[in-house]
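Look for subunit A in each of the two complexes below; its partner is subunit B in the first and subunit C in the second.
== the complex of A and B ==
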C-alpha cells in the first residue's frame, strides 16, 4: 500500500473516524482504524461496535491495500505533520508517514482481528437539512441522561409526529421535544445521544440522509456515514405529561433570564434549588443557603394567569440548560402550579418545548 | 462602647452525649425486675452476640460484640434479653427530640449517641458543665435513662471525654488543657484507631499519643497511607476542624443478620436481600429520610468480608429500588456458591424527606403508593402483617425464617 495526499484532507478523514473510537473499547482491535485503499480512494472506518463512522477521501494511489493502525496515534501524527503533501506506505508490518522532513513509523494491528461490521443500509433514507438536524439534536440531547444504569434515558426517541420528524429526550427531570416540520421518516427508534452528538463532527453536511432501520440508525452524506445501534426498550410515555393548556405564563428576555439564573447559581447547588415567584412584575428569583448566603433578583416580564402569583422551585442547572436550548430572544414559561411540570418555549414558536419538573420545597 | 460587656462564650462548646448500656436500660425501663442484675441484650442462638451489657455484667468481663456463649460462660447468672429494635428506635426518637430542644446542631452517630454544638446557648449557660448537667437531667426526667456527657472544644475530644465520663457522669476536657489530656493517652484510645493501625504504630515504636505527636506528618503518611497518616497527625496535635453537621454524610440506615447456619446459593441470598431491603426501606420511611447510596455487606463462612456500594440517581425509601440495587451489587460481588454467614444492607447519603426534592416525570409512581399502604398496615397490625410475596411464611426456596 502506498498513497499520497494533502495533509489536511488526510487529517480530516482520520479525525472523523477517530470520533467513533472509544477509549475503553471492548476489543483491543477497536482502538484501531480500518483503512482500505482502492479506486483512488482511502476509506477509513472507526467503531466501538455501537457507533460506527465510515468516511473516505480522494488520494493519489500508488499501490492498493488494507491495514489497521492505532487510531489516536495515527490521527495525532497526521495532524502534527507539516502542511503540504504527505505519503503513507506499508513497510514490514508498519506504516510509514512521511512528508517535508519528519517521518513516523506506526505499528499495524492484525487486520484479521477486526470484527465484521455490517455495511450500513441506507434503504428508505429521507433527506434532512443538515443545519436544522444538528440544531434539533443539540436542543434535545441536553435533556438526555448519561446514567448507564438507565439505558433507555440515554437515548433520543426519533419518531414521526403530526407535524413531521420528532426528537424527544428525557433524563426524568426534564424532557425536550423538537419537531422538524415536513420530514417524514421511514421508521422510529431510540438512538443513543452519545452517538448523535458525534454527527456534527463526523459526517454532517448541508444535506443528511437519515434512515432508521430495525437495529440501527444511519446518517449519511457526501462525507461518509455514521451508524448508531438503537437502544432496545420502551421510551416513557411522554405525551401524557404534556398538558393541553397552561393557565399561567410569563414572557421574559432570554439573555436577561440566563444572566439572572447564572448569578443565582453561585449560591444554588444540585440539592439547593432556586425559587421563582411569578407575578405581575415578572419573575423574582431567590436562593438561600444557611451556610453561605443568598441572592435575590427581579427579572421583569409580562405575566398573564389565572393565579395572582405562582411560586415554583427548580434546579438551577436544569433551568438554565433549558432556557439556553430555546432558540429565540423572548422565552415563554408556562406553569400550572408549584408541583406540576413547567414548560419553556420560544415565544411565538411551537416547534420546541422543554418540560421541567419542579423541586418540591 | 460599653466596657466590660464582652460577649459570653462557652469554652468547650461541643457535647458528646452517649447513653449508658442503652438497650439494657430500655429493657429495665419496661421490666424493673432486671434492675441490679447482670443483663445482656442479644441473640440467644448459637451465633448470638452481645449487643449491649449492663455494668453488672461488664464487671464479670462481658462486653458488647462478644459471642453470647462466651458471655454466659463468664457470667452464669447473666439474664439474656432478646433485642427489641423497634422499641429502642422509639426511645431514640424521643432522645433526639430532647437533643434538638437544646440546639438544632445535632449530629447523631448512632441510635444512642450524638454530638451537640451548644455555641448558641452562651446566654443560657455560664459554662459547658452547666449545659451538660441540664442535658443529663432532662434525659433522666423525661426518659428515666442514664447518660454520660463529654465536653470539649472539638468533636473528637468530646467523644473521648464521654468515654471517661462513663457511667452516668460528666467529663470536661477544659479549654487550654487539650494537649496534656491527649498526651496522657495511649494511641489505642484515639477514636478511629483500629487494630491494623495500632499494629503499624506499634512497629514504629509508637504507643502513646505524645509519641505519635512527635512523628513528622510525612513519615506517618508514608507508613499509614496519606489520609490516615495526615488525619492521625492532626488528631495527635489537637487539630480537629470538623464541625457538627446535622445531616452528617456518614449517617446511614441499615439491616444486617448473622445466620445461625450459613446460607448458600443466589436464590436464597436474593430472598434474604429482599427481606433486608424491605426492613431498611421501612426504617427510612419511619425516620422520614431517604438515601441515595445503597451498600451491601457479605461475610463468608471464612470471615472474609466484602462490601459493595452503588449510588442511585435519586434518593429512595422504596423497597424495590433498594432491592434492585442490592441484586446488582450481589452480581458484582461474585459470590457464586460460597457459604455466607452474614448479610447486611445499608442506605446512606440520607436526605430528610421534607427537604427539597427534585420531582421526576414518574413521580408518584405506584411503588411509592404501595409503600405508603404497607406502612399503614404495619402501623395498625405490626411489622409482620405484610411483606413482599416472596417472603411469605412457608414459601419454599429457603426464604422463610429459620
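== the complex of A and C ==
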C-alpha cells in the first residue's frame, strides 16, 4: 500500500473516524482504525461496536491495500506533520508516514482480528437539513441521562409525530422534546445520546440522510456514515407526563434569566435548589446556603396566571441547561404549581419544550 | 489460557487472581507435543512445559461487554450528599469535600439539634477509615463555629474491629445499602 495525500485532508478523515474509537473498547483491535485503499480513495473505519464511523478521502494511490493502525497515534501523528503533502506506505508490518522532513513508523495491528462490521444499510433513508438536525440533537441531549444503570434513559427517542420527526430525551428529572416539521422517518428507535453527540464532529453536512433500521440508526452524508446501535427497551410514555394546561406563565428575556441563574448558581450546588417567586413584576430568584451566604435578584417579565404568585424551586443546573437549550430571545415558563412539572419554551414557538420537575423545599 | 486476542496466561488453581506468568498479545504461539513456545515481537520467549494434559477446551466468549465498577466511593459520596438524611434523620448537608489543613472531609453536615457532623465515606469501613475521621475531627475541633462536633463513618460494610474502635471514640458507624441508596427518596421530584 502506498498513497499520497494532503495532510489536512488525511488528518480530517482520521480525526472523524477516531471519534468512534473508545478508550475502553471491548476488543483491543478496536483501538485501531481500519484503512482500505482502492479506486483513488482511502476509506477509514473506526468503531467501538456501538458507534461506527466510516469516512473516506480522495488520495493519490500508488499501490492499493488494507491495514490497521493505532487510532490515536495515527491521528495525532498526521496532525503533527508539517503542512503539505504526506505519504503513507506499508513496509515490513509497519506504516511509514513521511512528508517535508519528519518520518513516523507506525506498527500495524493484525487486520484479521478486526470484527466483521455489517455495512450500513441506507434503505429508507430520509434527507434532513443538517443544521436543523444538529440543533435538535443539541437541544434534547442535555436531558439525556448518563447513568449506565438505566440505559433506556441514556438514549434519544426518534419517532414520527403528527408534525414530523420528533426527538425526545429524559433523565427522569427533565424531559426535552423537539419536533422537526415535514420530516417523516421510515421507523423509530432509541438512539444513544453519546453516539448522536458525535454526529457534528464526524459526518455532519448541509444534508444528512437518516435511516432508522431494526438494530441501528444510520446517518450518512458526503463525509461518510455514522452507525449507532439502538438501545433495546421501551422508552417511558412521555406524552402522559405533559400536563394538559398551565394556568400560570411568565415571559422573560433568555439572556437576562441565564445571567441571573448563573449568579445564583455561585451559591447553589446540585443539592441546594434556587427558589423562584413568580408574580406581577416577573421572577424573584433567591438562593441561600447555610455555610456560605445567599443571593437574591429580580428578573423583570410579564406574568399571567390564575394565582397571584407562584413559589417554585429548581435545580439550578437543570434550569439553566433548559433555558440555554431553548432557542429565541424570549422564553416562556409555564407553571401549574410548586410540585408539578413546569415547561420552558421559546416564546411564540412550539417546536421545542423542556419539561422540568421542581425540587421540594 | 489463551485469550481471543492471543494473550497467553498461566493460572494456578488457588490463591492469586493474577496469572503466575503471562505473555501479552501480539505474540506467536507454537504448539509442540509437550511444550508451548510463545514469542513476542521483541524476541522474548515464554516456554511452557506440559507434564500432563487433562482437558483442552475452547470456548467462543463473544464480544467483551467491558468491566463496569459500581458503588465506588465517589458515587457513594454523591448519593449521600443528595440524601444525608439516610445517615441520620434531619441531617442537612453543609458542604461536600469540606477542607481541613490535612485534607478534605467527605461531607460536613448539620443535625436538627445544631451539631456539626463530619462524615467519612468508604466502600469498606475499616480501622484506617476510623483513624482518618479521627484526624479530621481533631482538626475541625479547632474551629469553634463547628461546635458541638461529632463524626459518622459511612460504608457499605464496616468491620467489627472498626466498629469497636469507632464506638470507643464516639464515632457512629452507619452501613448503607448502595442499591437502596440509589432508589432512596430525594427532594428532587421525578417525572416517573
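Basically, the second predicted complex is superposed on the first by the 361 of 361 C-alpha atoms of A that agree within 3 Å, B and C clash if a C-alpha of one lies under 4 Å from a C-alpha of the other, contacts with A are read in each partner's own complex, and residues count from 1 in each chain.
Rule of thumb we're sticking to: a contact is a pair of C-beta atoms (placed from the backbone, for glycine too) under 8 Å apart; a residue touches a chain by one contact, two chains touch by 3 or more.
Remember, it's a predicted structure, so these values are computed and weren't measured experimentally.
Novice: Please tell me, clash or fit, for subunit B and subunit C sharing subunit A in the overlay.
Specialist: When both complexes are placed onto subunit A, subunit B and subunit C end up clashing with one another.
Novice: Taking the superposition on A as described, I'd like to know which of subunit B and subunit C A:335 touches: first, second, both or neither.
Specialist: After superposing on A, A:335 lies clear of both subunit B and subunit C.
Novice: Quick one: is A:357 in contact with subunit B, with subunit C, with both, or with neither? Answer first, second, both or neither.
Specialist: Touch status of A:357: both partners.
Novice: Name the contact category of A:173: first (subunit B only), second (subunit C only), both, or neither.
Specialist: After superposition on chain A, A:173 lies in contact with both partners, subunit B and subunit C.
Novice: Which partner does A:346 reach: the first (subunit B), the second (subunit C), both, or neither?
Specialist: After superposing on A, A:346 lies clear of both subunit B and subunit C.
Novice: Just checking: does A:49 make contact with subunit B only, subunit C only, both, or neither of them? Give me first, second, both or neither.
Specialist: Only subunit C; A:49 stays clear of subunit B.
Novice: Count the residues of subunit A touched by subunit B and by subunit C, then name the partner with the higher count.
Specialist: Per-residue touch count on subunit A favours C.
Novice: In the superposed arrangement, which partner chain does A:28 touch: subunit B (first), subunit C (second), both, or neither?
Specialist: Only subunit C is touched by A:28; subunit B is not.
Novice: Between 58-66, 94-102 or 148-156, which subunit C stretch has C-alpha clashes with subunit B?
Specialist: It is 148-156.
Novice: Of all the subunit A residues, which ones make contact with subunit B and with subunit C?
Specialist: 149, 170, 172-173, 175, 236, 241, 271, 273, 315, 339, 341, 355, 357-361
Novice: Could you list, by residue number, the parts of subunit A that touch subunit C in their complex?
Specialist: It comes out as residues 24, 26-29, 49, 109-110, 113, 115, 148-149, 170, 172-175, 236, 241, 269-271, 273, 290-291, 315, 339, 341, 355, 357-361.
Novice: Touching subunit B in the complex: which residues of subunit A?
Specialist: Spelled out, the residues of subunit A in touch with subunit B are 145, 147, 149-150, 170, 172-173, 175, 236, 238, 241, 271-273, 313, 315, 339, 341, 355, 357-361.
Novice: Going by the contact rule set out above, which residues of subunit C touch subunit A in the complex?
Specialist: 4-5, 25-26, 63-66, 68, 70, 81-82, 92-96, 108, 110, 182, 187-192
Novice: Could you please specify the touching residues of subunit B with respect to subunit A in the complex?
Specialist: Checking each residue of subunit B against subunit A gives 312-313, 328, 351, 355-363.
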